[in-house]
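Below: a set of structures, written as structure tokens.
Look for chain A in each of the two complexes below; its partner is chain B in the first and chain C in the second.
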Partner chain A sequence: MTTQIEKLPYGIGRLTAGWSLLVGLLLVFISLGAYAYYRQFTEGEVVTGLRNIGTMGGATWGLYVAFVIYFVGVSFAGITVAALIRLLNLSHLRPVSRMAELLTIISLILAAFSILADLGQPLRGIVNLLRYARPQSPFFGTFTLVISGYLFASLVYFYLAGRRDAALMAQYETPFRWFYRLWAAGYQDTPAERERHRRTSFWLAIAILPLLVTAHSTLGFVFGLQIGRPAWFSALQAPAFVIMAGVSGVGLLIIIAAVLRRILNEREHLSVAVFQWLGRFLMVLILAYLYFMIVELLTSTYTGHHHEVRLTQAMLWGEYAWIYWPSVTSLLIPVVLLIRQALTHQWRIGLLVASGVLVNLAAVGKRYLIVVPSQTQGSLLPYGSGSYVPTWVEYSIVLGLFALGALLYALFMKLFPIMPIPERGGEH
Partner chain B sequence: MLMRRGKTLAMLISGFSLMVVSYFFLAAPWGFPPSSVVYSNPRVVLVTPTLISLGEYSFLAWPLRVLEILTWPPVIFVLGVMMVFLSAVVYELLPEKRSYDARLPQQAGLKQTQTESQVRGPGGTS
Partner chain C sequence: MPRYGMVIDLDRCMGCRACMEACKVENNTPMAILWMYVFRFEDGEYPNTHIWFMPRPCMHCDNAPCVKVCPVGARFKREDGLVLTDYDRCIGCRFCEVACPYGVNYFNWKDPKKNYYLDWDDEDLNRVTNGAVPPYKNPDLERRYSEERAGGGGQLRTTAGGGHYKGVIEKCTFCVHLVERGRYPACVDNCPVRALLFGDLDDPESEVSKRLKKKPHFRLLEEYGTEPRVYYVGGHPPGAETHQLEEVIARV
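This part shows the complex of A and B:
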């Protein structure tokens, strides 16, 4: 049995000391998050920094909602890259397709958990949404398109794309043979099955791409359609959400691919060419987002309503400047690094990973700046400026969610090939 | 009996139908301006309880209970979305006509040989 497990590809079934240590650490963070959520659930949201807008001078949407947007955003890149690989036949990118799809699924699950964390009474929220949701509301679109449509479509795509590898894995004598057989569902890699999968994945990719643009747009509309909230009410919210989603998702995908390249020693399949493509994609997305940001900033400061101007001032040199400028810098540095690499044609994975880390920090900062300042500084009623400071409960729950996502990723890697198993000729 | 393509098509049509019916006919009505209270309440919430209570003591009691699902239009919409995407699974998993698929496994690479040579381990090892 041991010799069989040693032969499994990509370290499946091999529980190394490093991996065990990582899982142990993640379990500690998850426990901390679970304890924090228990405190919040039993004592109410008073243990968080969330307070009513206006009368209590606070924000009702805080860190949780910022991370809902962040996680949904991260999910964008995964399935987009997977769908583009299929539609544009980018065969050299196939090694990252499964890790991208998995990233989408896990981040959507984390987004759903973040929504639940934000609700004081999660069960009531779910039931009322399912029963009384209104089609005109962007919340309805976000729920039906993001959670049901997008997540389910990603799961279907992921499942079907993994059948071939499940069939291959089922030929090994492992304790999880039953699982691989179940996943393979009789797949035998016949020409007919391959052709059928080619057709299915093509049409799924065609269906998924517009779905995810719509889904991310509805999330942008949750903010962009609120006329009574300065800095939210903007036609640019929806497209900016889509673009920033791509920025954070591609950035995270680069990090994951680089980590797996090192852990699995897969320099051949996860070649520099793969990172080069991802880097170029990231560069274009950041440039587009910077353009949107400048347009929005000019509009709000040049001709904006005085509430909007006050809010912009708070971000540029007021209460939120300490988040705003580092976020902008975290976008500018990667774009300079990426342009330089694109011009010199010398791509360095270390610099790409650094860009990925920076854009994700920028994404978190920008999400926070979208959600919070409009509530604390943007009241149209004659209330003074409010404030919002997240408590340890919120930080712990968010940390626990990240740890849960990492744990799911780490567990999956030990159970199933994280990259498509190459065919006999060596191609994916 | 419907073949694979027929079942896939049936699932697609049913899924899209569920979405259209729930979105446009069961949930809150569309209208302008959308902020008006007239367009706030889901339509069937008022209709179905009345129907169900009317049939409470008749032989229609149980069939009318099924109508309760109509008070959950978002759930119906989600089911429709899921059905549409599940049609891809149906298309890929259900067998093709027997005569067509039966001869193909003989050509399959997987069945003939031990796959160890097909499966490359990390670092290019087999």
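This part shows the complex of A and C:
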């Protein structure tokens, strides 16, 4: 049996010391998050830094909602890249397709958990959101399209794309053979089956792309349709959400691909060409986002309406400047790095990873700036300005969610090939 | 079907905040939760200053942003115009709160029983008062009140009063439990100078209609299209340079 495990591709089943250490560390963070949530569940959200808008001078949506948007945004990368590979026939990118799809699925699960963390009555929420669902509410889109439709479509896509590898894995004597057999479900890798799979996933990819735009837009509508908060009511909100989702998602995918390349020592399959394509894609998305940012800034300040001006001042040189400027810088540095690499045709994975990290920090910052200042500095009646400082509970829960995501990723890697198993000529 | 509305006479309001007190007692709202709030403003700079007061209940908008965004229909509008929250259905997502431009929604951040001015569960307190804690609990707030849909079919919903559960949103109900019995909301009843009036806007003989006919009026943030049901007469809306007294003091 042990000899069989050693033959498995991509380190499946081999629990190395480093991996165990990582899992242990992640479990510590998850426990911290679980404890924080237990405190919040029993004592109420008074343990967070959130307070009522208006007379209480707080923000009622904070870190949790910012990370709902962030996680849903990150999910962009996976299924888009997978669908683009299928639609545009970018076969050299196939090695990243599964890690991208897995990123989508895991981040959507994390987004669902962040929504639950935000709800005052989470148990009731799970029932009532279905029982009394109202399509008029922009939240309906977030729950049905994003969490259900999008997650379901991604799972189906993921399942179909994995059947071939499951069939290959089922040839080994492993304790999880039943799992691979279940996944493969009788798949034999005959030409007819391949053709059927190719066609199914092609049409699924075509169906997923509009779903993706709609799903990220509905999340933008949660804010973009509200007149009650300055700087939210904007037609740009929905498209900007789609673009920012792409920026953070592709950025994170670059990081994950680079980490796996190092760990699995897969320099050949995960070649620089793969990163080059992702880098170019990222560059275009950041440029589009910067354009949106400038348009939005001009629109909100030019008219000089005092609510908008007060908010913009708070962002540019007031209370939120310490988040605003680092976020903008974290978008500008990557764009400069990427353009330079694109012009010189010399791509360095280290620089790409740095860009990925920076754009993700920028994404978190920008999400926070969409959610919070419009509440604390955005009262239309003269309540005065408020403040919001997240507490350890909120930080712990968010950290716990990240750890949970990483744990799911790490566990999956030890169970299933994280990259498609390459064709082996002559072995069969 | 009446079309309920409120008229607030800013010429009369003297900022005594008796309406805030009446609301708290009537609706049993926990600490720091102010369904009725009276702004105390200072405009301009010395010597051209002006101090004035503006009560702010829920506006019970006809085009209410909070009703639209509620994902479960816990926030709804009755035929007679009252915008109410079913605290048994609310999931605590607080979308209504961010959607509302007036800031009238209040979330129960912790168990309301522990958030009153006294801890009602406190053993020592119960021993001293012989179990007669809370000192006053309005029994009408536990009853259910009709949704009042045209053509019937409205269900009975739990809507009245505050401080029921942790993790739900509650707000001004125009005292639905009193209005259904033909009485005025507590704030209106308790105003010593009759600055607050309540009644049927469709009835030309009602106090509200008469006052609106006599004086020019405005509604708060009318330009946002929310169609509020609360009319202000005898004053002006707050402007860019209007600040609360507390804020002015903090600046000095």
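The rule we apply is simple: the second predicted complex is superposed on the first by the 423 of 428 C-alpha atoms of A that agree within 3 Å, B and C clash if a C-alpha of one lies under 4 Å from a C-alpha of the other, contacts with A are read in each partner's own complex, and residues count from 1 in each chain.
As a convention for this text, contacts are C-beta pairs under 8 Å (C-beta built on N, C-alpha and C of every residue); 3 or more make two chains touch, one makes a residue touch a chain.
Everything numeric in this text was worked out from a predicted model, so none of it was measured.
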Message = Do chain B and chain C fit side by side on chain A in the superposed arrangement, or is it a clash?
response = fit
Query = So, does A:143 touch the first partner chain B, the second partner chain C, both, or neither?
reply = both
Inquiry  = Quick one: is A:387 in contact with chain B, with chain C, with both, or with neither? Answer first, second, both or neither.
reply    = neither
Task = Would you sort A:61 into first (chain B), second (chain C), both or neither based on which partner it touches?
result = second
Message = Just checking: does A:44 make contact with chain B only, chain C only, both, or neither of them? Give me first, second, both or neither.
response = second
Inquiry  = Going by the contact rule set out at the top, does A:89 touch chain B (first), chain C (second), both, or neither?
reply    = neither
Task = Would you check which partner chain A:16 touches, where first means chain B only, second means chain C only, and both and neither mean what they say?
result = neither
Which of chain B and chain C A:132 touches, first, second, both or neither = both
Request  = Classify the contacts of A:346 with the two partner chains as first (chain B alone), second (chain C alone), both, or neither.
outcome  = neither
Request  = Measure off the angle at the C-alpha centre of chain A toward the C-alpha centres of chain B and chain C in the combined model, and quote it in steps of 10°.
outcome  = 80
Inquiry  = Per the contact definition in the header, classify A:31: touching chain B only (first), chain C only (second), both, or neither.
reply    = neither
Remark   = Across the superposed arrangement, the tightest C-alpha approach of chain B to chain C, in Å, is 5
Inquiry  = Under the contact rule defined above, give the chain A residues that sit at the interface with chain B and also at the interface with chain C.
reply    = 129, 131-134, 136, 140, 143
Remark   = chain A partner, complex, touching residues on chain B are 23-24, 27-28, 30, 34, 39-40, 42, 45, 71-75, 77-78, 81-82, 84-86, 88-89, 91-93, 96, 100-101, 104-105, 107-111, 114-124
Remark   = chain A residues touching chain B in their complex are 7-11, 129-136, 140, 143-145, 148-149, 152-153, 156, 159-160, 163, 167-168, 171, 185-186, 188-193, 196-197, 199-200, 203-204, 207, 264-266, 268, 421-424, 426
Inquiry  = Under the definition above, what is the set of chain C residues touching chain A in their complex?
reply    = 32-34, 37, 39, 41, 56, 65, 68-74, 89-95, 97-111, 165-169, 220-221, 224-226, 238, 240, 242-244, 246-247
Residues of chain A that touch chain C when the two form their complex = 43-46, 50-56, 60-61, 118-122, 124-125, 128-129, 131-134, 136-140, 143, 222, 226-229, 306, 375, 379-384
